[in-house]
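One chain, chain A, links the two complexes that follow: it is found with chain B in the first and with chain C in the second.
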Partner chain A sequence: MASVSELYDVTWEEMRDKLRKWREENYRNSEQIVDVGEELINEHASKLGDDIWIIYEQVMIAALDCSRDDLAWSCLQELKRQFPGSHRVKRLAGMRLEALERYEDATKLYDSILQDDPTNTAARKRRIAILKAQGKSAEAIRELNEYLEQFVGDQEAWHELSELYINEHDYGKAAFCLEELMMTNPHNHLYCEQYAEVKYTQGGMENLELSRRYFAQALKLNNRNMRALFGLCMSASHIAASPKVSAKVKKDNMKYAAWATAQINRAYQLAGRGTKESKCSVKAVEEMLESMQITMS
Partner chain B sequence: MGEVELSCLAYVKMYLHACLFPRCSVNGVLLSSTPAGGAVTDVTDCVPLLHSHLPLAPITQLALTQVDVWCAQTQQRIVGYYQANASVLDISPTPCALKIADKIAEQCSNAVMLMIDGAKMTAGYRVPPIVMYERKDSRWMLKDKHMIMLHQWEETRAIANQLLDSGDHTLLVDFDSHLDDITKDWTNQKLNAKIAELASPANGNV
Partner chain C sequence: MAGPELLLDSSIRMWVVVPIVFITFFVGVVRHYVTQLLHSDKKVELEQVSDSQVLLRSRILRENGKYLPRQSFAMRKHYLNNVETGFFKTVKRKVVAKNPVTDTSMLTDMMKGNLTNVLPMIVIGGWINWAFSGFVTTKVPFPLTLRFKPMLQRGIELLSLDASWVSSASWYFLNVFGLRSMYTLILGQDNAADQSRIMQDQMTGAAMAMPPDPNKAFKSEWEALEIVEHKWALENVEEELMSRDLNFGGFFTREFKSTMF
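== the complex of A and B ==
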């Protein structure tokens, strides 16, 4: 089989830089990382200098994701040799046990890290990940809440908790987590939009109006967020169609919905120009928006 | 309740959808191009919908509405719902699965709900990794396996594996991906053509 460098005509430096980019931006494209990383390690180890250790770690985790225990094991051995007694490497050993579904052994390993160092956040998060993998959502939620009492600023944890609550249909608590995230990340359009979706799902006039406001906010932050655009259109339409609202509220919301509809149509016209495949979606959207206008009036 | 026929096209796309997002729960709807009223529920196609936030309402509502419109335009009907849970250990229908399936059953009396069994999706698996439910007395009950037909199962399985091996499963577009980039086609015309190519022409109905 041709090597990565041959297939894509890249140098080892470019491969190393790509790995760094994926590392820094937290991509989980594990098959690619394994392909590129394995070749880098096998062919160019000597040139990588101290970078090699973080690459071993990155490739090991990706290898676990792809069921490449052989590769994961050899990376782990290199790291164990270089950093004996390291908690960071111990955590990787734990992750390998998790991949082998040896959850009790993995938990014991993480507990031993935490005995040594109770502030080790990585080990605590792995414990919670194990509970999630075992389907023990209630316990995972409980431990994650305890974790967040101590580590209030951990964005990743807040987001994970919001996902767990959404899966349990506990929308009120999911909304609370997203509120925390929006407070600390006011420019993140995705949190606004997810919050709006949760509010919409909760239902009721108050939540619907909130959802419309947050869909609009998401659009202000990123005017190409299609979910927010559709969300604005749908929430405004529902409010306008409700018999319980005042004439003014109805008029305002019809305006918002009309604006959103126009934006959606424009976006789809632009999209449909290039490819004949998207014609189906364009027609479907047009018809859908038309039918929504009818129910509103 | 009658027989259900699952076409190669529907199965392959559903399977590839689950393979494309192994760490997420995914869902989609099952379609039929056969008119209602027959004894057999003929699942001829499927539309992959979401791979994130399945329980949330807005995008699900949006997707179902758009698929409805497209079905009307193309003489198809929504006859079922499929879901693959993120956890391989869990093949039970979630509350949101039941909700959506109930809605579909309101419009289609022979509606089916299909759960993909991740644990059976290992290399060299022999049986279709699916569990099907049908509606009886307002409840979803397990359907008799013998009433579920997959014509040319060996060939269907081979096609799915081939597309997986060649990396062509990345061609699959679900509604979520479409919203990330609206130039992508959630009706999957390109992938449909590829699957039709691979299916032997002697089959007739694919």
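== the complex of A and C ==
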């Protein structure tokens, strides 16, 4: 098997920088991390210096994802040898137990970390992840709520909670969590869009209006968010098609829906220049939008 | 009025200016490592962390609340500020007065801080004053008033000398503060050799970490939140959005590379 450096013709520094980029931007491309990281550890360990420890951690988590228990074990041993008694390493040991589905042992380990240091957020979050893996979503939701009562600022946790609520179809509470995220990150168009989708799913005239506004906000923040554009079109046409609205509201919403439709067409024209498959999709989109117009008026 | 330009011996440059720079720099680096060795982890209380996060959330609610629907904003404001059941009104924390004299951990911290920062500065400053005194070292590029003369021209008893000409002691102090960016380059951010940052921390210390009196912080946050009104930013979002065509930019024109490198 050719090594990564041969296949892509890169030096070890480039590989190390790539790993750092993946680490800082929170990528989860575990197979690639394992390939690149394994080679770095085996061939270039001496040149890495102190960087190697964080690479061990990164590669170990990726190895757990890919079921490479041998690699995970060796990384863990190195880290244990270098940092005995460290909570961070203990958490990695717990994650390995989780990967082997030894959930009770993992929970005991995390509890011991928390006894030592009650402010350790990583151990708490792993406990919740164990509950989620075991399918006990009600308990996971309960523990996550308790966690968030103490650590109100943890955005990752809010997002996880919103996902759990969506799975339980509790859209009201999911919307609350997404509002927290929108509040702390007002310029992130993805949170706006997700919030709008939850509101749209909840249904009801007020929620549809809210969802239309937040789809528009997501589009304002990022003009290229196609999902938000479709969402805007659908929510506006839904409001317009409802029999209970006043004439003015109906007219406004039809205007919005028409504008959104025109933009969608424009986008597909731009995308469809050239390739034959995209010409078919342009046609499909046009037909879909026309059928929506017919049901509306 | 610029005085006559003095011509300094170039051996001053070689044997005074440059060595002082080196000395200051190396002492700073040594100080950084010594501080790291003596550094003891500060134990944070769970309650402290939790409280500081709640205060942060309240502040964000005040600043960004306008992006939330009116109902949601009202709900959060009510939870925090309500006269009977609000968080800021009902939660009272026990205040443990941290007396610096009796609280042992703070005492040792203060002592360590003094030892590693102030002591070397005094020692080296004094040594430089003794070793490199009696002559002019350098000229600062901007004019100074005569009031600076006794401060910057220690050891030089010339009445008519321009205050811009300074002695080696002031060159040393200039270095202590000037090498800060060099330390950041070499030792990375957050290094312990950074004296001016330490002084800044002592001044603004209460603002950053959890103030010793959470009750006061809660009260001031309650007042700030009371006066905030909800002005919805999304009032006319559709009109603003649809005033012009969407800008798809180069979104659809290029091929995205999907390989590793």
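One rule holds in what follows: the second predicted complex is superposed on the first by the 296 of 297 C-alpha atoms of A that agree within 3 Å, B and C clash if a C-alpha of one lies under 4 Å from a C-alpha of the other, contacts with A are read in each partner's own complex, and residues count from 1 in each chain.
Definition applied: a contact is a pair of C-beta atoms (placed from the backbone, for glycine too) under 8 Å apart; a residue touches a chain by one contact, two chains touch by 3 or more.
Please read all numbers here as calculations on a predicted model, not as lab measurements.
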Checklist entry - Superposed on chain A, are chain B and chain C clashing or fitting side by side? => result fit
Next on the checklist: Contact-wise, after the overlay, does A:A72 reach chain B, chain C, both or neither (first, second, both, neither)?
Outcome noted: neither
Item to check | Which superposed partner A:A106 touches (first chain B, second chain C, both, neither) | outcome: neither
Item to check | chain B versus chain C as contact partner of A:M95, first or second or both or neither | outcome: neither
Item to check | Arrangement angle, chain B at one end, chain C at the other, chain A at the vertex (C-alpha, nearest 10°) | outcome: 170
Checklist entry - Thinking of the overlay built on chain A, is A:V59 touched by chain B (first), by chain C (second), by both, or by neither? => result neither
Next on the checklist: Just checking: does A:E179 make contact with chain B only, chain C only, both, or neither of them? Give me first, second, both or neither.
Outcome noted: second
Next on the checklist: Once chain A of both complexes is superposed, is A:A267 in touch with chain B (first), chain C (second), both, or neither?
Outcome noted: both
Item to check | Partner chain(s) touched by A:T119 [first = chain B, second = chain C, both, neither] | outcome: second
Checklist outcome for this item: Once superposed, chain B sits from chain C at a minimum Cα distance (Å) of 7
Checklist entry - Which chain A residues are contacted by chain C in one complex and by chain B in the other? => result 267, 271
Checklist outcome for this item: Note: in the complex, chain A contacts chain C through residues 4, 8, 10, 14, 18, 32, 36, 118-119, 150-153, 176, 179, 182-184, 186, 210, 212-214, 216-217, 219-220, 223-224, 229, 256, 259, 263, 266-267, 270-271
Next on the checklist: So in the complex, the part of chain C that touches chain A is made up of which residues?
Outcome noted: 44-46, 49-50, 53-54, 56-57, 60-61, 64-65, 67-69, 72, 234, 237-238, 240-242, 245-249, 251-253, 259-261
Checklist outcome for this item: chain B contacts chain A in the complex at 23, 53, 55-59, 61-62, 65-67, 69-70, 72-73, 87, 89-90, 95-96, 178-180, 182-187, 189-190
Item to check | List of chain A residues in touch with chain B within their complex | outcome: 28, 133-135, 166-167, 169, 194, 196-198, 200-201, 203, 211, 226-227, 230-231, 234-235, 267-268, 271, 274-275, 277-278, 280-281, 283-285, 287-288, 291
